[in-house]
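Letters A, B, C, D, E and F mark the chains in the order given here, with residues in each chain numbered from 1 onward.
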Amino acid sequence: MISLTRKAEFSAAHYYWNEAWSQEKNEAVFGRCANRNGHGHNYTLEVTVTGDVDAVTGFVVDLKELKEVMEREVVGVYDHRHLNLEVPEFKVMVPTTENIAIAIWNRLAGKIKGAKLERVRVYEMPDLFADYCGEA
Amino acid sequence: MISLTRKAEFSAAHYYWNEAWSQEKNEAVFGRCANRNGHGHNYTLEVTVTGDVDAVTGFVVDLKELKEVMEREVVGVYDHRHLNLEVPEFKVMVPTTENIAIAIWNRLAGKIKGAKLERVRVYEMPDLFADYCGEA
Amino acid sequence: MISLTRKAEFSAAHYYWNEAWSQEKNEAVFGRCANRNGHGHNYTLEVTVTGDVDAVTGFVVDLKELKEVMEREVVGVYDHRHLNLEVPEFKVMVPTTENIAIAIWNRLAGKIKGAKLERVRVYEMPDLFADYCGEA
Amino acid sequence: MISLTRKAEFSAAHYYWNEAWSQEKNEAVFGRCANRNGHGHNYTLEVTVTGDVDAVTGFVVDLKELKEVMEREVVGVYDHRHLNLEVPEFKVMVPTTENIAIAIWNRLAGKIKGAKLERVRVYEMPDLFADYCGEA
Amino acid sequence: MISLTRKAEFSAAHYYWNEAWSQEKNEAVFGRCANRNGHGHNYTLEVTVTGDVDAVTGFVVDLKELKEVMEREVVGVYDHRHLNLEVPEFKVMVPTTENIAIAIWNRLAGKIKGAKLERVRVYEMPDLFADYCGEA
Amino acid sequence: MISLTRKAEFSAAHYYWNEAWSQEKNEAVFGRCANRNGHGHNYTLEVTVTGDVDAVTGFVVDLKELKEVMEREVVGVYDHRHLNLEVPEFKVMVPTTENIAIAIWNRLAGKIKGAKLERVRVYEMPDLFADYCGEA
């Protein structure tokens, strides 16, 4: 068993807001992220897959296919978008780094041929990232 | 003469749009950046100042003051903001990397005590940056 | 279960020295790190916490609180200090990268509300780091 | 138990090719990597070892010894070499990132005194890496 | 006047060799780079252009066009290639970092519409790079 | 004319202190850097040289020689040292980033065969650096 990790980037806008709360409560909990005009980030995504190395090709996964899946399922949907306004899953959950990692896991699960999705890591900033490895 | 450069970061949303153009023209020129919902970046700012080294302190500029000026004049105004909607200069010019560098230069010029503002560099992404050194 | 990692930095001086050994023995074991005048590093600290994502906020941990705990318990104590001379735990153990990771774990354990401390990673240099995950 | 990770770099040429296949098949599977003239990379190697911290030295492993083993067993053999043409293990297996990680594990296993080899990570590019932790 | 810099990457093999010299002389001058099997690098290219900011678009240069020129003239020709064997200019000059920078300048000069090519920077490794700004 | 830049690193301790001032004055001017126990950094040094490319070798400067000069004149003297206590020039001037850049320039000037020393850049932290290009 060996794992392979590929990175990708996307730039998106977001804000943190709970419709059930007052503006004061939102600002108290979410600070400057509660600004409804939105702000944004260069997100870095790391997708790790695990499997056996194919004895002939030396690959755990076809890198071109992995790249295409990441592009089609995630980068093509999130990049240059406002996550709250344009990405369905964030109309019902706050686009925190944690929730973005879970959402990307759910988008990729079952889509990568021949290898097991092992971990999704999302960096919102170089000094902040979330890891999700699916439900136990 | 020696120069000193200090970096800072801010996260902001923006879009590229010219009110005088149709949506088609905007999309043709600005591509995916023309999405009016906005997207965003982690911007990195580098401010370079030049001067003589003070013989006693060994400083070209008081680093604490430089940090305060950068925070007060730029980071505190741009960070966690939507540049088009909340920063005055970008209501009349498109917030491209080039224009952001010029706008930051204009915000800092004349505010740094005892040293000459030499260059403003703005990274929109790790692989794209603009430099502005003022008018000749 | 999801994990969130936040980075911080501190700059400190240290040396490696065992009082029970001769200078020759110290230099043989610790090399140039045995210089009693001290040398120093820009340390990078990564703190990883694990927990359930709060269904309302989308947070595993309140990021502002995590930052405050890291600042109060570690960065405020280690930054711009000589570890051997000014930080109590390093009067009795050598401030190697390994021991710094353990010491930071002990400083943070039990202080982070609502999430489990999962791992402490300390970089002494970009090409050298230690990970500690507590006692099994 | 604590782990320590040390990085090293080597620059090497390689290509992907299966002698049993036609040129068309090789290009279909391996893309531009099938170019027999070779291309190359700056590889980054991370070696992680685990063990108990020595109560006297504060070390899991003697860093100088770890560096020497990595240099002698890996960097000295791979650096400035053509992996397919000059490194024995890649005459019989394709030098993919996955296989390089396994080969380095096999070169290092049993050679690091006093600590357990925990993981070998190999970056072929900053956005692509493989991890190998040995056979379960 | 403002400048804009865009980065790109390519992975290539090369070696240093002067046909007029003996193997001993080549190895004395070029060290391990004289290995005729080749080795390789992940090169990073930075292209800087200078010009006036267009008052309407806020651009010094059309970023999409700049990317296309860099791809067509350089990355598409050098990436996944053996520089000595497959790129014409390196059949007559040694592909050192300096010569690669000059060759890229010559490939790009006059191809970027509406802005002046200001500088080409080439990183062979993260700790080594060459800058070329054309003939005075 | 082309320039070549090589990086190196050194880890050192330092403090900022003016013997002619009271402790209060030192702390007011130098902040936490006035702590006489010292703190430290991983410094990154970039040395840029300029010259003509040798038509035969393709080099502006012999890289091995440049590395040896940087090692002998700077890294071997500063690395794992306390700058104030062990490096002569910092007994009479404060080891600020600016002064370290000037001191390194003075150490290297006239020592690099066949090329002109163009610039010395010193990073004290990834977000702070000084450039010195000699006296006009």
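By definition in this document, contacts are C-beta pairs under 8 Å (C-beta built on N, C-alpha and C of every residue); 3 or more make two chains touch, one makes a residue touch a chain.
Since the structure is predicted, the reported quantities are computational estimates derived from the model, not experimental observations.
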Note: chains that touch chain B and chain E both are F
Via touching chains, chain D connects to chain E in a minimum step count of 1
The C-alpha superposition of chain C onto chain F, two copies of one sequence, needs a rotation in degrees (nearest 5) of 180
Interface copy of B-E among D-E, C-F or E-F, with over half of contact pairs matching by residue number, is E-F
Taking shared numbers over all numbers used, above half giving same and below half different, the chain A and chain D interface sides are different
Chain A and chain F have mean C-alpha positions lying a whole-number Å distance apart equal to 41
So, in whole Å, the Cα centroid of chain B is separated from that of chain F by 29
Among all residues of chain F, those touching at least two other chains are 126
Contact graph of the chains (line, ring, star, complete, other): other
Chains touch in the following pairs A-B, A-C, A-D, B-E, B-F, C-D, C-F, D-E, E-F
Chain B contacts chain E in the complex at 16, 18, 20, 29-31, 93-99, 101-102, 126-133, 136
Contacts from chain E onto chain B in the complex sit at residues 1-8, 48, 53, 56-60, 63-64
In the complex, the residues of chain D that touch chain E are 9, 11-14, 32-33, 35, 37-42, 79-82, 85-86, 125-126
